[in-house]
Amino acid sequence: MTTTETPLDAAASALSLYEQMWLIRLFEEQALDLFRRGLIRGTVHPSIGQEAIAVGVCSVLRSSDGVLSTYRGHGHCIAKGADVRRMMAELMARRDGYCKGKGGSMHLCDPDIGYLGANGIVGAGMPIAGGVALSMRLQSRDDVAVCFFGDGASNQGVFHETANMAAIWKLPLVLVCENNGYGLSVPTSYACSITDIARRAGGYGFPGWSVDGNDLPAVLEITKTAVARARAGEGPGLIECKTYRWERHSALSRTYHVDPTDATNWSRHDPIERFGKWLVQKGWLDEPIDNQTRQRAAQIVSEAVEFATGSDEAPSLEALSDVYDNVI
Amino acid sequence: MSMTMLSEPNIVPSAKKELTFAQALNESLREAMTRDPSVFLMGEDIGPYGGLFRVTEGLYQEFGSQRVLDTPITEQAIIGFGVGAAMVGSRPIVELQFSDFMALAMDQIVNQAAKARYMSGGQLSVPLIIRTPVGTGLGSQHTQSLEAWLMHVPGLHIAMPATPYDAMGLLRTALELNDPVLFLEHSMLYSTRGEVPVDPYKVPFGEARIVRQGSDVTVIAVSSGVTVAAKVADELAAEQGVSVEVIDPRTLAPFDMATIVASVQKTNRAIVFHQACRTCGIGAEIGQRIMEEAFDYLDAPVTRVAARDVPNPQAKSLEMVVLPSEQDLKRAINSVLYRSPA
Amino acid sequence: MTTTETPLDAAASALSLYEQMWLIRLFEEQALDLFRRGLIRGTVHPSIGQEAIAVGVCSVLRSSDGVLSTYRGHGHCIAKGADVRRMMAELMARRDGYCKGKGGSMHLCDPDIGYLGANGIVGAGMPIAGGVALSMRLQSRDDVAVCFFGDGASNQGVFHETANMAAIWKLPLVLVCENNGYGLSVPTSYACSITDIARRAGGYGFPGWSVDGNDLPAVLEITKTAVARARAGEGPGLIECKTYRWERHSALSRTYHVDPTDATNWSRHDPIERFGKWLVQKGWLDEPIDNQTRQRAAQIVSEAVEFATGSDEAPSLEALSDVYDNVI
Amino acid sequence: MSMTMLSEPNIVPSAKKELTFAQALNESLREAMTRDPSVFLMGEDIGPYGGLFRVTEGLYQEFGSQRVLDTPITEQAIIGFGVGAAMVGSRPIVELQFSDFMALAMDQIVNQAAKARYMSGGQLSVPLIIRTPVGTGLGSQHTQSLEAWLMHVPGLHIAMPATPYDAMGLLRTALELNDPVLFLEHSMLYSTRGEVPVDPYKVPFGEARIVRQGSDVTVIAVSSGVTVAAKVADELAAEQGVSVEVIDPRTLAPFDMATIVASVQKTNRAIVFHQACRTCGIGAEIGQRIMEEAFDYLDAPVTRVAARDVPNPQAKSLEMVVLPSEQDLKRAINSVLYRSPA
């Protein structure tokens, strides 16, 4: 695709983004259900309500671009092109999971498509993404590295260190902050000293953009700009996507929102519904297509569950492998 | 109140109540904050939410946002702020949400908190308590047992309570120490119940608890491992007539070597049981010290029952291989007794 | 002193600042000499050329205000009111040193005057200062905490974490960045993504000021403003003092400046000379007074050396004490 | 080249040259960068300045600013960037200016670099080398020996070379490993000289070196302690006729236990000598493992000669008390031999 084209220029590609959003939504609803039924161990951090960011951002990436993500990363993983069956198998701790059951939801990973890993440590993906960007530069690739992280993570020291280092080296790094209003139980308005996290880019001399994170075309557009700059060697950028976390922090958490009516209000901004309307306006979506899309997504998810269920539980002996590569 | 008891020795024995481990901590925190205005709490989600494991539940509501401070997710600064506040007269009790996150704050814990008194020639004190859970079941980055790192660092106190009684009593003592205390709480313990006296009591640092008397072999266990060891001991007594002495050091720094040595002099065999990785875990230190101090009494090498040297996997089927089990402990006991397991 | 008065309003107090500057300069020249002669172990990080910052900032502080400093901290220590004899004894590893020889130059400390310690870890003083500020607030004191740090340290993660936390809690914290053009061998222009570090304050919503750090009255004035805000509960501030490191990084380092003519140019901006001229213009300084001032400073330094030399070397048994307070 | 040698066994033995420890590292780095374009260097003051201890001297000039990267002073990001770059095909060699600063980067070292392969089920590799000096003489925050922390973490390789020969040979091997390597260099060693073959050679990880044969007692020493131990051994041989075997494990992970066990089976006595604090140092692990694997051969408890459990003081008169000395080692040797020192 040329610099000007986007997946929003044609019905087929736009609809495939829509389907991706549904796939994420249904995958996570399914995962929460499996957790409740005791079929997933550990926990699950749903990104329900934030699907436009994952899909919007990843829609302008190549598979050779690198993505670093978080425990709230199913959406990024799916949008980057992962095999949903192997994802589900990993959540269910099966041999055919991406990480053979060693990682689980928090450590999903598929390097072949440039999905370089979710992360259980808030903020830790940022310098790793910086290093990926550095390596791309050293290899003279025009690929970029993208790091997803939360509003809470934007206060971590590594954010600052990474931003500064990426700036002085003008690295092809795009920092995508999903500002969903909370870090676990703590409101962003309490924990973060400024309202627009994008403004922090000013402290490093690169551009920062705040965007409505529930508006897929808007997210996509800004990402295109940031990624194009990065590919062209013009250095890093920071995109803040304002969104909302509908669900509890993770399947293990107590329900908690400072203002419970918030959630209701935000659900009116359902990113999927909004993108659906956009597609309808374009004349690309009608009810039958909509139904088909959802059904296809649902089908993929249920096939994933079937696949995972049919896979053996992670075999005991695997516990001791993959600590080192070399047997010296 | 305990003074009163001493002067009235003939009244009814101190009343008891049952609390969970989390409640015992919660009560000690409430008590400390009530008694001492210099105590305050700081950490992630410890405010209105009450802490991931409910240890601070209700305290925000009771003491307000100035003394129960929710923080941003910035572990290094959380500990650093604790160090600074402790230097000038406060007694911060800081929570790290998982002990794995110590890795983000080791500079403040090790290079600052632990060394401030020494480097300043005794001028500075850092009476900072860091509470943090150790766990299982949440994969490689949320379940590490890193107490050996801490035990390697002079200047730190380390507590690893195994019961509600010890949790409460050790936390009371921690609040009287003028140096940093790492208070390691196993997440599997939070909901366990136990009796504690209604009247205030303290558990000193550096005094091991003999959990169960025995004559054949000494098992040194910490934290959530103590109950497991006691259970295994009971089973072995019943099933095989083996008499296991179980010792819980309760604190790693200071460390009560005397109680362990006395026990080994009696049993002539020792096993250290812990959830941390085997290599360079506290089992190495304890085993080595037993050898140093009771060499002539040992009829078998001190043996470690510990986690395999791999990161902790998420899948239960895998984690079971990695973490030390009751079976592993039983096997080790039989092995140091040179018996084939029944 | 009321809010409007400063030590610059009267000859005596202004001259005492001038004397402090000389004291710092001569103390450090002496320390470097002692190091060269093998009488100081470890190393010595001179702040020669940066004296206006230490003296200017500390001149508006009370002894109940807390200062956190760095390995390059002799100036801050002297300006906060420390006993130069005990400082020198510490550098020379004597029993009567502030830290009984345990700390040395990098860990000087005198809590009685609010000098809460130099630090060997770049940036580590910042969150500690934040905690001091927090404790002051909790104790309802109207004291402030001041943290000195370098341009290099401004890139450390803890800078960001501290700034954010101090901002959300509106703590009485003044961050003083001494931008001396280098972090060891690395030019600030290379390592730091923006020219004016003070601009980073914008990322936290509190004020930042860049000031000529070799101009004592300017430093003092800005500090007054920042400290007054902090005392009044208006929250933290960041002061960037542009200055220059004349000497090598530490007595152990190879000489290194990217542009050696830099140093020559900067020496024309000698902060002591400049403040001297200011005093002359005020009519408060003439040659005899100047000479007396220097002589007094020189006298204090030589008495300090005498004191230190007369003190025993740190006694062996001390090595094992002060690890813990409580013997339990 | 060594291949050539093998096929021409009768030519003159490989030529040697004398290098300092720092030069040996410098040459290996140059060689690696020349051979492998994926290798690059990153760290504080490693560029034009050539590194605090001159290990990277000349490399910036030779390979340019894209492959020899001076960094800001941000340890966590330095390691994190190394992790990321290593994941996608680069081979970063990162310098931490002092190993104490690992405390700032433990999350990236332990939670990321060490576990990436495992958590990803073997999909990710992190071939990252972290070089960092251990030292003395610079006070509490610049002289810690923290190798035991690292040895406790599965997923890390750890090298502690004691000679220019090993520094060069181990670094060459490190460059072929696909997992993170911590390369700990003692600052007192940098200027020491030694012979290295002109032809390329490698020193494998996990193969201890018997520095000196002996029959009365085995001394396991690491890093700068190896020369000290060898000297003490020579002196004791001359002065008291005691025959000391000195073993340098060279790498802590993997760890060559077999060589040590074989030695102890011969000498029946062992001492571990290290600069790190005694408690929970590597001496505990090594001692414990000797007990586990050679219990019946031991005629005395394995003994540790290590630093006292206090932070390192700045004053020489104090540091001498804290760090283990030649005298301490001699005393310990006599003690395990149940001899009164001559």
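By written order: A, B, C and D. Residues from 1 in each chain.
We take it that a contact is a pair of C-beta atoms (placed from the backbone, for glycine too) under 8 Å apart; a residue touches a chain by one contact, two chains touch by 3 or more.
Computed from a predicted model, the values in this text were never measured in an experiment.
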Farthest from chain D in C-alpha centre terms, which chain would that be? A
Larger contact count among A-B and B-C belongs to B-C
Chain centre separation (chain A, chain C; CA means) in Å: 45
Express in whole angstrom the distance between the two chain centres, defined as the mean CA positions of chain A and chain B. 37
Could you give the separation in Å between the centres of chain B and chain D, each centre being the mean of its C-alpha atoms? 32
Cα centroid separation, chain B vs chain C, in Å, comes to 41
Identify all positions of chain A at which a residue touches two or more other chains, and write them in rising order. 99, 101-103, 107, 119-121, 155-158, 161, 164-165, 168, 190-192, 323
Going by residue number, chain D touches two or more other chains at 71-72, 74, 76-77, 100-101, 104, 107, 111, 118-119, 139-141, 154-155, 309-311, 313
Within their complex, state which residues of chain C touch chain D. 41-43, 93, 99, 101-107, 119-123, 152-153, 155-157, 183-186, 190-192, 253-254, 256, 258, 313-320, 323
Contact footprint of chain A on chain D as seen in their complex: 38, 40, 66-67, 69, 71-72, 74, 76-77, 79-90, 92, 107-108, 111-112, 116-125, 154-155, 157, 176-179, 204-206, 254
Show which residues of chain A lie in contact with chain D when the two form their complex. 66, 68, 97-103, 107, 109-111, 116-117, 119-121, 124, 126-139, 145, 157-158, 161-162, 164-165, 168-169, 321-326, 328
Quick check on the complex: what are the chain A residues that touch chain C? 155-161, 163-165, 167-168, 190-194, 199-200, 202-206
Which residues of chain D touch chain B once you look at their complex with the stated criterion? 76, 100-104, 106-107, 109-111, 114-115, 118-119, 139-141, 144, 146, 148-149, 151-155, 253, 276-277, 279-285, 287-289, 291-292, 295, 298, 300-304, 309-311, 313
